[in-house]
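Below you'll find the structure I mean.
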Amino acid sequence: MSLLRPYSKVPELITATVLLVENEEEFQSKLADAIVQHEKEFNVNVRLARKLPLPVENKETRPRIDLIVFIISLLSQRSLQSVEGSLAHLHSDCFLGKVCFLVTDARCGSHTQERLVRVRKLAASHQCPVLCAEHRTADGVIAASVRILNILKVSAGMSPIATTALYLSSLTRCSATSDLEED
Amino acid sequence: MDAQARSVLYRIIRRIPNRNIENLLKRWNCLSADQMRALDYTRPKWMIVEHVISFCEESRLGLKHVTNLEMIYRIENPDQGIWNACQLAEAQDDAVCVELTQFKEQFKAHLHGVIRHISIKMKKHEDEAIWIRIAWGDNFSKPNHLKPTYVVHHLHTSYVFISNLMAKHKIFLCQALVIATKHGSIKDGLLSTKSLNAMRDLLLRRYQQVFPNAHSRILQERNTLPSFPCIGKEHRDHEEIRHQMACEAFGHGAMPKLETAVYRLETRYKGNSNYTLSDKEEFFRGVVRFSSSSLLESLRHCVASGMAEGPVTPLLSAITQRGRNYFVITDKGPGVSSQASAQRA
Amino acid sequence: MADLSNLTGLVSEPSGESDSSASSASNRSLRLAEKQKRKGEADPFGVAVKFLSQVEAGTVVRGNDELERNIVVVETVAVSKGLSPEVITVLLDLALSLNAGTANCTRVLKFLIPATVVPQEAIVKGVSWLCVGKMPINAQVLFVRWVLTVFDLIDCKDNLRSIYGFIFSFVTEENLCPFICHLLYLLTMREQVHPYRVRKLLDIQAKMGRQPFLTQLLVLYKVFRPDLVMLSHPARVRTGFKNHNSTWKVALSAVQRKNKGAVLVDQSLSLDVKEKPSSRKRKLHHLAIPPLSSAFDSNSSKKAFRLQELRSFKELLENIHNIELPAQMGSLLGSALALHYLDCVQDESAFLRLNFWLGHSLQEEFLLCPVDGSSDNTSEACRFLSTILFSQQFLQEGFSSTESFLYKFLSVWDGSLLRPQILDLLSDIPLMPSFYMHKLLFEPLKQLYFTSTVFFKCSVIECLNSMLVKWLTWHSVSASEGGLDISLNSNSTMTMTLSGFMDSVMELVRFVGLLASEGLRLENCHILLLNQTLAFYETVCDMFLKYSLPLVIMPPAGVFYPALFATDSISVDRLGYIMYRYRKNLTLAKKQEQQREQTFHISRNTYKEFNRNLQAMVNSMWNSWWGIPGSDLEIDKDLIALSKVSEPWCRFDLIHHPALFSYAIEFHQRCWPERKDVDLGSIKTGKYWNWYMEFLFNQGFDGLNNFIQTNTGHGISCQDDRQPSSQT
């Protein structure tokens, strides 16, 4: 089994690469367009995938991945399952600040709340941040893309004052939400 | 105007939104210009009906005219009620030479010969379809115009579309159709849907089909390339294969709008070691029903987006390939019961 | 047909169509009716009502064309213009007496649309018909639902209250129970809460389970008589009563709109964001019943005064003892008078009901969005939140339902949806124990903050600043009123000790310190963020002097040094001001401590920290002297030498500081306009230095001015005293 490693390749000049993983392929491309179109100080490559592991054929052409975003739709059980399956194909180095979860449809009723708690637990155990996104509105997509770029900037080492991905993740990582929902 | 005519008229007008009434009446062409002008379409339905009835009485219009109005309305709004398909078989040599007048005469003659009280009306629609309205009676009662059967047939095709047919009249209608179209037999097409157009498109293959093709030309039309060069898809090959599969099974472009597909299971449970759940030879009976506002599009999307993994099961592709949406799955049949698992459209 | 014009146009009402099916049998009669009208009858409506009022028991209904015709006449008028109070009385009596048959009973109820008000007597009579018990159950339910729908339009309710017991007796009817409970909920006053009623309700609850409508009513009872209801109800009952106005909603709002014109539009806060039939459970037209505005004879001897009728503050004052709350509590939010009332009466039941309503609406609108993604309602939602915000600012406290909604919303927020409103609401959150603060507020906020743009970061800091100000203001008000115990909310019983309060404030300040220092690092010391941060510390540094909270917390190094070495002069000036205020606060604290020998929470460490910061600031700006002996901020000389900067020690003094450099240049040009090569060092000599100081302070750097004057004793007279006198 080939694991996806964050440091196995040399980075390109002033370029960061983000990998968007979404089983449904719904939000992915919209988000990718928004990320690419947003004005920024460095080049961004976006790779889209349904799940991990990534096909071996592309291994040579694929640039170094600086951030892996797992997009989870809370309306679908399968979405979460697919991400859980994909996590096994990541090298542990990735979890030092190069992975984040992007959750959609978080405001759609109680069963999505339960799934959100599961996602948070998953994220907490992998020390990753969880972002929520409003993927149905154009503003929401732009907001999500800006936040992804913010994280990408740090995890690709583009932050002007040296801030490492690990350091940022220590600030943003999700903490276990055992009884947050009670009050 | 008798009570029946009145209630038929009332039924028609009740179904139509107020704003469409004027158009329909115009096309009917039975009311004078003055009468048309006197109608106020902003009033409640029952008032309009009252007025139309009084105009009909003035102009001495009868049941015949009202049924004509109903046909006009029905032809314009075919997607009401459930349509069933029937397939003609064993065409005689001269079946391709059947003409409209000949068909009409034979059909009417046969039915009139079998049933004393029956009212048959035929109209040829613009698109070569023959619309037949049959109000059934029997030897003792007059035709019931409140529950007419509608039959649509395109000459020289082997399909007939029937709506609102009672079981006891089926045999008469089938006989008449077989004779009039010069075929040997007719059988149930196992396809039923609300939309006549969808049914017609599906059976007469009026949608864009894709055939298995090594070079897959059609896919190049699809814009699979992302909008920006810096966006790369890791699973592009896979995605293209899926699209190809989906299009081969369900066609390309707009699909006929089927609403449901029903699979009736009559299978036996088989475990890993040929162990049957019960010793009896009883079937496991169950019905799997897929429904969607546009079922074929949904299924295609399911396959194309990878929600359903693997190749398309023959059970699903049979909907388009065999033009059916009702299947009985038995153990001997081509499909295995496990394939009809709970994929949801 | 032309002579029908007095009635035409009525049927274009959307509700007109629903009646057409019922009227199918009336075809013939209508033609008769028209014929009669052709004869030129003056007032067909009046005649019809008169006829209907004379229908007696036992009238044959089937095939009664006369009756049918008259009902149709009234019906058409009802759905288009609404009915006057007298006609409602007549028709309600006709319907409920079943004189015109059961079918007509429901039919009449369905078109009973009031034009202005519903007379109370009609309802009372209706209830008495209910007691007769002849009506079929669906007609009973329909009647109670109708009463609930028009509840806000009933002219006064005192007689209705006096038959409270009769109404109460219907709670045992299983089908009627939810509606009766709602009606009772609206009618209940303190005097109606009796032990036997509580017992009855508890009995029913034991039988039917914890139905929300029973719980709601019991909670209200508990509010009025806590001694009677020993029930422990869940802290927050999520669902309130359902809306029962579906049958009349469209017609009623159409009639009301027509009768009231556009006046109502801005008064009624409409929450009917989703008109989609797909989301059936959503409350449609929650506030579709607009508040009443037309005047009716107010000299009738009614006791209770409805809140919606108040037009002036004077009226409010005169009637404050017998104000009646509307059925839809949400309508209070928009009106300043209603809020005045809420504020001064401190009616717990009103707050309870308002919070029920609000919590439910917020939950429905923002947390249970439909799956189909019809979320193009942001402007509506925005207006709604703004209304809440307005009310909260008016009352100067947050609603508890908004608070709990915000905690839930924060955890699913994307950081951009309705940002201004959400952050404003957030700043209204009342004080809470530091433990909860961490979990409910800081954790989600932190995750949002560090992954968002610098503008979001700024607005978060700004929001937390205003939150702190509100807390401190609250403290200073309640502390001056006495006692160390601070009640958290005017209508809650939860209190907090002073140390608990200080803990919370400390937590908040520390949290912002973390956000600010790390945020500044991430954003490369963004000027806006720095200024927001300094604004926050302007609040913090004055906590003791301004708000008499004995707490001084220094900014972390991650905030202090970026501000000290900032490239814009405003930040440096603000830092000067902040340090000046810190000094003031600390000196006063010290003085008080010595005088009264009180022990404050201001520790030695705080003084030490302050002195270190002060030293660093004075040294670098005034003394052109680097490094603080004994601190960890000393930089190796050789390392600096590597940078090849000449005279590194004076790079941050008042002349060379990057923020003030341009002023020094300008000063230099003014002093020596003929000089070609700039020698800033010459400013330091003699009188030029004083002139430079004066020049600098005339640029509006009051903060720096204060800072330098207090810490260096620098006046225009004494120029040599450059030693910091800060050994407090």
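Letters are used for the chains, namely A, B and C, taken in the order the chains are written, and counting of residues starts over at 1 for each.
Going forward, contacts are C-beta pairs under 8 Å (C-beta built on N, C-alpha and C of every residue); 3 or more make two chains touch, one makes a residue touch a chain.
Everything numeric here is computed off the predicted structure, so don't read it as measured data.
Visitor: Out of every possible chain pairing, name the one holding the most C-beta contact pairs.
Guide: Pair with the most C-beta pairs in contact: A-C.
Visitor: What chain lies closest to the overall centre, CA atoms only?
Guide: C
Visitor: Where the centres are mean C-alpha positions, what is the separation of chain A from chain B, in Å?
Guide: 47
Visitor: Indicate the whole-number Å distance between the mean C-alpha point of chain A and the mean C-alpha point of chain C.
Guide: 35
Visitor: Quick check: how many Å separate the C-alpha centres of chain B and chain C?
Guide: About 55 Å, centre to centre.
Visitor: For chain B, which residues count as touching chain A in their complex?
Guide: Within the complex, chain B contacts chain A at residues 226-228, 230-235, 237-238, 305-307.
Visitor: Quick check: in the complex, which residue numbers of chain A touch chain C?
Guide: Where chain A meets chain C, its residues are 75, 100, 105-110, 116, 129-134, 136-137, 139-140, 142-144, 146-147, 150-151, 154, 159-161, 163, 168, 171-172, 174-175, 177, 180-181, 183.
Visitor: Could you pull out which chain C residues touch chain A in their complex?
Guide: Residue positions touching the partner: 366-371, 373, 375-376, 378, 404, 407-408, 411-417, 436, 439-440, 443, 446-447, 450-453, 518, 521-522, 524.
Visitor: For a test of understanding, state which residues of chain A touch chain B in their complex under the given definition.
Guide: So the residues of chain A touching chain B come out as 19, 23-25, 29, 32-33, 36-37, 43-50, 54-55, 57-58, 61-62, 78.
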